[in-house]
Amino acid sequence: MRTLDFSAAINEALRQEMTRDENIVVFGEDVGHFGGLFACTKNLQKEFGENRVRDTPISEGAIIGAAVGAALGGLRPVAELQFIDFVGCNGAMDQIFNQLAKMHYMFGGAVKVPVVVRAPCGSRYPVASGAAQHSQNLEAWFMHVPGLKIAVPSTPYDAKGLLISALRSDDPVFFIEHKLLYYAQRMPSLREKYPSLLDDVPETEYSIPFGQASIRKTGKDVSIIATMMMVHKSIRAAEELSRKGIDVEIVDPRTLVPLDKRTIVDSVKKTGRAVIVSEDCRTGGVAAEIASMIVEEAFDYLDAPIRRVSGMDVPIPYSPVLEGAAIPQEEDIIDAVRGVIGK
Amino acid sequence: MVTYVKMPRLTWTMEEGIVGEWHKQVGDQIEKGDILCEIETEKSVDELKAPEHGILGKIVSPKGSIVKVNGVIAVVTALGEAVPEGIPSEITESPVESKPSEETVKMTEVAVSAVVEELKVSPVARKLAEEHGIDLRKIRGTGPEGRIIKEDVLKALEKVPQTRTVSLSRMREVTKNRLSLSMKNALPVPLTIEVDMTEAIRLIGNSRAKMEQEHNVHATATSVLVKAVARALEVHPILNARFVNEQIEMPEEVNVGVAVALEEGLVVPVIHTTNKKALAEIAKEILDLAEKARTGTLSTAENSGGTFTVSNLGMFGIDFFAPIINPPESAILGVGRVVKKPIVINDELALRLMMTLTLVFDHRTMDGAVAAKFLQTLKEKLEKPADLFT
Amino acid sequence: MPIDFADLSKEELADIYTKMLRIRKFEETAGTLFAQGLIPGLIHLYIGEEAVAVGVCSSLKQDDYVMSTHRGHGHCIAKGGNVNKIMAELLGKATGYSKGRGGSMHIIAPEIGVMGSSGIVGAGIPIASGLGLAIDVKKTKRVVACFFGDGASNTGSFHEGLNLAAAWKLPVIFVCENNLYAISVPMKKSTPVENVADRAVAYGMLGVVVDGMDVIAVHKATREATERARSGDGPTLIECKTYRFRGHFEGDPKGGGVYRSEAEMAEWQKKCPIEAFRTKLIESKVFAESEIEEIEQRCAKQVEEAAEFAKNSPYPSAGEVSKYVFASNSHGENGK
C-alpha cells in the first residue's frame, strides 16, 4: 500500500482500465501531450498513443458530442472538461443534458452511451484564486437531470475506486473532481492542515459501487453530511467540536446520483440532528435536495431544524479575503453544529 | 414601566378563570416569577407568576373574581411609578387596538410573557410527548431558542407515573371468554327476592354439634342454600335446563356448581346430583371442592357438568348482585350477605336475619313467571328449612 | 443522350425508386394520421427531399452509420428502416423503434446503423464526428453520414463538429439538406454565404454543391465522399439543394405559405424528385410501366400495413415509466 495524491489515483484508475479495455479513449483540452492541467492524464498518451489519447481543439460541444458519438460507435470515451465552469461553452451543456443523459431513455434502451465526463470543480482557496469563472460547483445542475450518474469523491481511495466503477458502467457518468483535492501531495501546508487529503490506495484494481456513502467518522450528537473538500473541513471541525464535548458523525455520500439515502437517514435517525455542508451556492444547491430528503424520510426523528452550510449566493470573488468569506470554512461548520445542539 | 398582569389561557378550552387566593399584597415588591395569586379553572388550580419585577401597584381582580382570558387582573409598576388612571379591562394580541399608543404597545409586549406562548418543540420531542400524554406546556425547553427537545421530554417522562399493564392470565382469559359468550347470546334477566334466613341460621346453630359428631362437618348457610336450590330445581326443572345449539336440553341430573373466588380468577366446582345428597354430604363436598380449587387440583369431572350455579359474595359484605350466567346453563343465583334488618311481619316491626337472592335467568329458556316461581319455592324452602336438615 | 444512372444495376435502381416512394407514401400517411389526431407529437415531413436521403444512403453500406435529425423518417427508411416500427414510434406505441419513449424526433435503429436523431438543431454533428472517432480508433473502415439542415450550418455545433472531423481526418460525410428555410427564416436572411458548401474551405475540407432533387447526382457525390473517407482522406461537406413540399411541421399554416410565396412553392413542386426519376426510368426503358406500377402498389401496401400495425399496437405500460433511465438498473434509483 502506498499513499497517493488525488490526481495520481485518478491517473492510475485510467491507466489500469485503459490497459484492460482497449475501447477506453481519453480526449479533452491539453490532456494528451501536456498530461492535463492537473496531471490527471499524465503520460497516458505516451503509453497508449495518440489514437487513444487525443488533444482536442477548444470545442466543448465537440468534445462532449464526440464522446457521445464515440460511445454509440462502441468506444468507452473519457471526455474531460478542463473546468466544470466550461460546461456551458459551445453546446457542451446540450450534449450533456439533452443528448448524453437522455439517449438511453428516449431510444427505449436501444443503445448504451457509456461516457465518463471528468471535470474539476471548486475553489482553490487558500492556494490560488480562480475567480468567478474557474471556481464553481455546479453538481446541483446535473443532479437535476435524470439519466446522469454523478460521482463526487473526496479522497484518493474513493477517486480510484469510483472512477474504475464509472469506466465499467454502461451509464453516462459525470465524474466531478474538487481541484483543491489534487494538490495535497505537492503542498505540505495543505496536507498538514488536512491530512485526510492523502490516502492509502491499493495498487490493485478495485471498484466502489455508486450509491454507497462512507462514514468518515462515527458520532452520536449531530450528523454532518458533507461532500468533496467539505469532508476534510468537517473532519477538522469535528476535532474542535469534540474538545467542546460535541461528538459529530460525518457521512460522505461519495456519489450524488444515485444518492445513498439510507445511510444518511439512518445517521440522522440516530443523532436527531443534521448539518449539510456543501461548497456550492446555497440556493437550489445540493444541500437543499438532501435537506428535503431528510425531512421527508426522518421528520419524526429530528430534534432540531436542519442546517445548511453552503457557499454564499455570490460569484466567487478574486481577492482571498472575499473568497474565504464566500465559501464554507471550519468556523461555519462549527457554528452550525453548535447552533443545532445549543451548546 | 407599567406591566399589566393578564388572565392566562391555561387550557385550550379555557375562556375564563376564577382568581383565587392572592399571595401578594398591594405595595409588595415582586420579583419576576414570584407567585402572585392562584387561578382556578374547571380542571385545576394553577399559580399565576409575575411577568416582570416591580411593585404590585393594584389588584384589579380580587379573590373570587371571574375574569375572561386576557382580562387584566393586576398592575405591576416600577418603584415610585404611579398606577395609571385608565386601566384596560382586557388586552388581546390582535393588532386592532382601540387606542394604539406606544405605551400600550409596550405593555402588550411585556404582558405577553404572562400568557402561554407558541411552544418551540422538535418533531421527535413532540412525537414522544404525544405518545406518553405529556403536556408540553409543563416542560422547560433546554434546546436552542428555548426549544423543547427529546432530552427534555425524556426527563419529564421519568417523573410521570407509568401505567403498569398486566396481561391476562390463562384463567382470566378463560373466564373472560366464557362470560363474553354468555353475554353475547343469552338474554339475561335478574330477579331479586329477600329471604328470611332467621330460622335457617337457628337450625344451623342447633344442628352443629350433632353434625360435627356424626359427619365431621357443620352446616353453613351456603350448603343449606345449595340444598334448597337443588330441591327447588326438582320442582322447577326448567331452571336446571341448558341452552345448547339453539335447543333446550333437560338434563336428568341436578348438578349445582358453587363459585369459588381465587386470586387468579373464578372457578366453579360442581356438586354432582346435588338433589340426591344429604346436607352433611353437600357441606363436606363444598369444603373439599373449595380446597381443591384453591390448590388447583380439581379434576375435570369436578369442574364440569354443572346445570346451575350459585355465586356468593355475601362474605364480602355485598347486599345483592346480578352475576353472569355460566353458559350453557340457563340461570345463576347471586347470593348477598345475611344481615339483621327490621322487617314487617303481621303489621309489626321485627328484627330478622335477611338475605337477598338475585336470580339471573336466560329468557331464551324460560319466562319471568317460572323464574319467579322458582324463587318463591326457594324462599319457602329456606324459610321453612327443617326438611333441609335431613 | 443516355441517362446517367451512375453505373447502378437494375436492382439498385429499383431499390432507389422503392425507397423514395416508400418515404413519400409513409410521410403522406403520417400526415393523414396526424390530421386524425393519432399522433401525439409534432411531425416534420420529408416530402420533396426524398432524393437526398436515398441518394446518400444508397451509397452507404449496411454497417455505415447515419446521424439523423428532427426530419428523420426519410433517413431511417432510406437506410432500410422498418416502416412498421417507425410508424408505431410516431404513435407512441411500445412496438416502436424507441419503445414509445422517443417519438418522431428520436428514432433509432442501431442494427441498420441509424444511430439516433435529435431535436436539437446541429447536435448530431459533433456526435457524428464522435462516431467517426470510433471508426478511426477501431479501424472498422466504416463511414458516417451526418444529415443536417441549412439552419444547423450556423450553429457552434456545426463549426466544432466539422473542425474536429477535419482536424482528426475522421471518416464523416456531412450532408447539408438545404431546403432554404430554417422554420420560417429564409437562408438569405440568416446566412451570409450563398452556399453552405462554401464554408468547407474554413475547415480545410472539400465542399460540394449538388442538385438535391436528382437522386443520382446525390448518389454520385456521396460515393466519392465515402471513397475519400474510407481511404483516410477525411470528411466531405455535401450541400444538397432541395425543398420541402410541406410546412416545417404538420400544422404549419398554409403548408409554409406564411413565409414562402405560392410561386416559389409551385416552382419547386414541378421538380418532384420521384416524378423526375420515374420519368427517367421509363424513358430509358430500364423499367416497364407495369414494373413501376408494381413497385408503387407494393409501397402503398407496405405503408398501409404499417399504419394498421401501429394503430393496433399496445402503448407502453405507465408503471414502467422510469425504465431505461439508466442502463445498469432498469429503473432509475431516484425515480419512482
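Order of writing sets the chain letters: A, B and C. Residues in each chain are counted from 1.
As a convention for this text, contacts are C-beta pairs under 8 Å (C-beta built on N, C-alpha and C of every residue); 3 or more make two chains touch, one makes a residue touch a chain.
Every value quoted in this text rests on a predicted model; they were computed, and no experiment measured them.
Student: Not counting chain A, which chains belong to the same connected group?
Tutor: Connectivity without chain A: B | C.
Student: Using each chain's Cα centroid, which is most distant from the centroid of chain C?
Tutor: The most distant chain relative to chain C turns out to be B.
Student: Report the chain closest to the protein's overall CA mean, measuring from each chain's own CA mean.
Tutor: Of all chains shown, the one whose C-alpha centroid lies nearest the global centroid is A.
Student: Could you state the distance in Å from the CA-based centre of chain A to that of chain C?
Tutor: Roughly 40 Å, centre to centre.
Student: Could you please state the distance in Å, as a whole number, between where the Cα atoms of chain B are centred and where those of chain C are centred?
Tutor: Whole-Å distance between the two chain centres: 89.
Student: Could you please state the distance in Å, as a whole number, between where the Cα atoms of chain A are centred and where those of chain B are centred?
Tutor: Roughly 68 Å, centre to centre.
Student: For the complex, give me every residue of chain C touching chain A.
Tutor: 65, 67, 96-102, 106, 108-110, 115-116, 118, 120, 122-123, 125-138, 144, 155-157, 159-161, 163-164, 167-168, 323-328, 330, 332-335
Student: How about chain A: which of its residues touch chain C in the complex?
Tutor: Residues 23, 25, 27, 51-52, 54, 56-57, 59-75, 77, 90-91, 94-95, 98-99, 103-112, 114, 146-147, 149, 169-171, 211, 257-259 of chain A touch chain C in their complex.
Student: Residue numbers of chain B touching chain A in their complex, please.
Tutor: Within the complex, chain B touches chain A at residues 122-125, 127, 142-145, 147, 149-150.
Student: Per the contact definition, I'd like the list of chain A residues that touch chain B in the complex.
Tutor: 272, 299-304, 339-342
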